[in-house]
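Every chain is named by a letter (A, B, C, D and E) in the order it is written, and numbering of its residues begins at 1.
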């Protein structure tokens, strides 16, 4: 019996957009754990700066995964929560410096959302260092390196957030009951047939 | 009697308002009652768990379950109903999105229990006695209490749900439509929400009063300011969840001169109602400099309560992130 | 002057030695050297060296161990750090010189002409037993062990110091001598 | 089956995945086969291949062949930055009959291979990024590019030889060119040189005609003493604000007769003359140099008596019969619309005082190479005579190479021109003074046409060459021959010993550095800089005059040190690249615009005020928001803010981004 | 202003006069010193050539003791001590393997060092913490001499951060404040050969000689130095240098002695009598 069937056909709370089930829901062992940072970089400044860091062969920690958006203004707070929910240990947003936004003022909207979201995250006990907004212009390849290295170190100190693992942990109370009921039913079923 | 479809009503962590809503169908309730065979309705009728257990699987046409899931008993009962029912309808905000009870997901179970049984100003409990899951009576009999879960869950995290009927409570009109659809078999695809898929503003009487160039420079609380009865709430600086909330209530709160608090949950296109509204509100807040922005946003003192009043359980984070499940959860299930 | 073959064959190189030089603290950047000679030029003592510091760096990174450890150069280094301050590739030349001295002492390959190694050892012994150094004792020990004729030649300076009250009659010492011994033994894994 | 069809939006995804080795660029830093095999197992992936160079013709053909053979309808290529090759691959899709937007690119070179040293970590990151792209591409939709007109006018920033050459090339092609220069005259550094290597032709003789051509060209608007203050917009449509500083002389009236200068209340030139590196003097009203273009005087407010005290009798204004002097001139702001920007902002010479060992500014006998250029120049402060500050003719001269070059404490790079100009100066000094000349070099670098031959010539002329970096210039004499001289101490590394060489004059061959404000300028135009501070080209070999920002080109030493022939060649190349864009007359824009899903919009108007381009408006009849696609620039801010999820952005739909998030986090 | 004081072996031996004058001057300037209890050899230059880790561990013990005593900035007047203590800090920060070894060696004696104590030189402290103004106020007998300020190598590079490593000026400023006239002296930071005088005198003496000759040439009445090794080398060996390279008469004082004289402190208290070279000239100066 699959886990899903056991749950009376309820998919696990975490399913992917395409309906598949994530493989990572068990807690990783602490010693093999590496921080995972999801980074939303705007196309014009921060993404370009990350390219520049590459062209300049700067070396930094391989823990950030960049998702390109056209402007930091495109970053929906839903993306940030989703990233945490799917297992990110930190989320980094990069945009153009105030006044330099390629779209004039998308970065101000990003800033305001980030500020409010930061407060929300704090209330939800997600440590402050796990979410960061940085202005990195296309000329600042070095800053990409510095920010990522610094953030990875801070997050490493905080340890895994591992929400998928925590969710599974929290939900273990349900599965225990589930197993008990299933066992009971199976027993009864067996008795019935026998 | 045997021909009539069997219907079950059940309540979990709820206030009873959803039951009230069913009664509020007024004279229409009679037609419902006559059309169906109610096999379970704890608030009004005296059926026992054993009665349901005795029924064949799938013999109940539909179970309408309201309330969020907080205890092992609720879990066990809704599982039973799931097994016996053809369709399960998640009834009301608490069942659909966790509702007000899920605001408790900001706290750990231990903190809730210690507050309720030890720290609340009205409590005198010097021995710090708490209800025990199992206790032995004087005559040697044992008594078992349901386990209080780590967190509040919406119904669909515990059993598979076929339809959602949102609202705190769902309006009589929507209930009637749902029941009619159920009885006539004219149901939308499984998984649907039985309410319109546009946001509340569509049906809001104050829609036209919202300016197209709104920048909110001061946020206000309904408790601390006079509300203009004509003008768009957001235009006045009150956070109205309307833009991020499914319509279908016909703007009841607005008509009562209170801003929408979001009980109908998000539209189907949105994963996280609170995050979306937070994004919308922050985008329209005034200010470019740090200090200016901070000042404006300080007008929203409680982002969790503001943006997730009815849906914290459905937030992508589900609750306070650093909760540590209480010891013994596994053993005492 | 003897006529001898100067060609060096690959078998003369000791790659392990080159690796070792790169592994010591300060030796990590030795490969960056562009042989510009700024070190030699900055060095006040390069005039007396058989190999200029630049050449030592090149020989060391190529693994010409015998030439390096047998050279005068490392013993002439006065640790003034001028080379390091001027190196355009920021190679820690002085630290490399220290490492080469240590290696030469360890392998006993230093030229007998230089008593530097003897002095360094005496210095170490004195610290091991007392924790502090008393210079005139050190100098006396040095000359007695190497060239006591020279010591007699120095007597004028000694007398001068004596008269000026700059001689110590009793060797200075720390109070907690055992602590020093514990620490130094711990380094040796004792 | 016609794959170029919207049907593919809904059809089950058949994904082709290609991972590029980029030679060893990628393959050397991560485990390419492991990434390929990882992706091959993902649902929907039909083909997964690795290839040496995906951007090569065979690479693209491979892709096209697979599309046809395997009926692929989605393509993912993991290689370099999409900013570099996205279009290459999109075209390959198109050629194979597939809509180019059924494509997603993964940046595993700039973002992975080049920046990580930990191979397993880099491999894991590459897997994550590829997994994200494969998930994302399933949600890609059929799209078409937008075409908008490309503004034909060009702005060239900086009017040294690079800017002049580029401006003339484009103006000759019939384009309207704005040429903006910070200094009062155009000409840049080249105008300061005496002769040019290796041909030894006179710099002024070859530059001055070009300067006049700029001034008189009907297609060139020349603004000197001006700076760009602000740029907005993107390729094809830039709006640029230019600040014109007041020169207190009306440019259109002045004929450059110098009457004002002759009649200045300062009878003698008193102030350090910038053009001659302070070796000469000028008055507060001055002509930067005899061939200055525009040939217009200017007043330096810092030193002018009128501006300092308000008590000048203004004899200069009186002397001007064209009434060109205007003490009330104010800064002027110009706003222009151009399609293309070409930056030729040049370099700065290394500040020799920063090297403490060579005594520049301490010993009067120490000069920089640029000072010698002026000394040796016939129109320079000494009329071409090489003399020391005390008037003596030097009998021996030491030239120190690599000052502020190849040195971790100052600048790490080789400045490329110093060896050659040092040879040139050695020749000129020897020719003018007959002195003994010593070149102290680390490595002699003479790659260039006729350059090595020039070195040969100098060797024959009897100039001394000492291979060794000078450790110090001191006046500490150790022997009678050294008394009163500057002593250069260096190891003659070829001889194997240290030498002390006493000389009368020391020339520091200072290197080329980025402009002090290069960071500010880079941010002004949103282009990148390499770590040392020169502007970053898009690709060191394949796009040397492009930047990462479309429509902005670079030429000359702002990109890195180079000599005049290379600068002119690069300026021509940049002009040609710009012309190619302009003559196409339109620019294709990414179809990344946003649109409102009318059915589900509740008309809450939250989005309307957020758009800085007024692309979002409210339809008062339908009571819904509408987005004007031609105004929308595709930032997606309204999408992120739409509280009911009723605005979508092409290429950046919620599902696409959610699946990316999930992809980067779902690696085992 | 309170500091920990690390005298080092030389200041207790041949450099006695440096300590005597420094203590007098610091008292006058209000610089409060607390000697590190039971300090040991800094692990200086010769030791580095024998065993790197031991040398670092020896320095480490001093730091550990200093941390125990409050962890204030350490003042180390001897250039060699200043360098080896500073170097230890740098090496411990840059090379974790070495740090681990040093930590465990110290640990075996129950000691611990965080790596964070600053090591300062009296020149730095007087100039930056006390200030030239205070020095000027204390001057009672302006020196009126032409002095060559000779800094030596080890306080100027590679770790010093309080002065220019090529053209230091801190001591010139102090001498100016004391009423002396510093002569332009191009050999300010050149090595005096002190650390090899004992072993390779033929080379070292020539270096020392060039320093003295240059001072003479620049018209200096005396040289001032902040280094006991330099002072010993230039002063103690002047006799031999004169014999070998021709007569030189150049008094070599510690800068603290010169300051003390300007403050009006008696020559005896400053250990002026401990100088060997040109004794007559020195007496003249101190009067």
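For the reader, a short list of remarks on this structure follows.
The rule we apply is simple: contacts are C-beta pairs under 8 Å (C-beta built on N, C-alpha and C of every residue); 3 or more make two chains touch, one makes a residue touch a chain.
Remember, predicted model here, so these are calculated numbers, not experimental data.
With contact taken as defined at the outset, subunit D and subunit E are each touched by C.
For subunit C, the chain whose average C-alpha position is most distant is B. Distance between chain centres (mean CA atoms), subunit C to subunit E: 22 Å. Chain centres here are Cα means. That of subunit A falls 27 Å from that of subunit B. Computed from the mean C-alpha positions, the centre of subunit C lies at a distance of 50 Å from the centre of subunit D.
Mean C-alpha positions place subunit B and subunit C at a centre distance of 80 Å. The set of subunit E residues touching two or more other chains comprises 165-166.
For subunit B, the set of residues touching two or more other chains reads 270-271, 276, 279, 283.
Of all residues in subunit C, those that touch two or more other chains are 47, 82.
Which chains touch which is summed up as A-B, A-D, B-D, C-D, C-E, D-E.
Subunit B contributes residues 72, 75-76, 79, 82-83, 106, 147, 149-151, 153, 156-160, 270-272, 274-276, 278-279, 281-283, 285, 287-288, 290, 293-294, 297, 300, 302-304, 307, 315-323, 325, 329-330, 333 to its touches with subunit A in the complex.
Interface residues of subunit A facing subunit D in the complex, by the touch rule stated above, are 16-18, 20, 22-24, 34, 36, 38, 43-45, 47-63, 65-71, 73-79, 82-83, 86-88, 96-97, 100, 102-106, 109, 113, 137-139, 141-142, 145.
Every residue of subunit E that touches subunit D in the complex is listed here, in rising order: 164-167, 186-187, 210, 214. Against subunit A, the residues of subunit D that register as touching in their complex are 43, 81-84, 107, 109-118, 121-122, 124-125, 128-129, 132, 135, 138-139, 232, 234, 519, 522-523, 526-531, 536, 540, 548-549, 592, 610, 612-613, 633-637, 639-641, 649, 652, 654-655, 657-662, 664-668.
Only residues 357, 402, 406-409, 442-443, 467-472, 489-493, 496-498 of subunit D touch subunit C when the two sit together in their complex.
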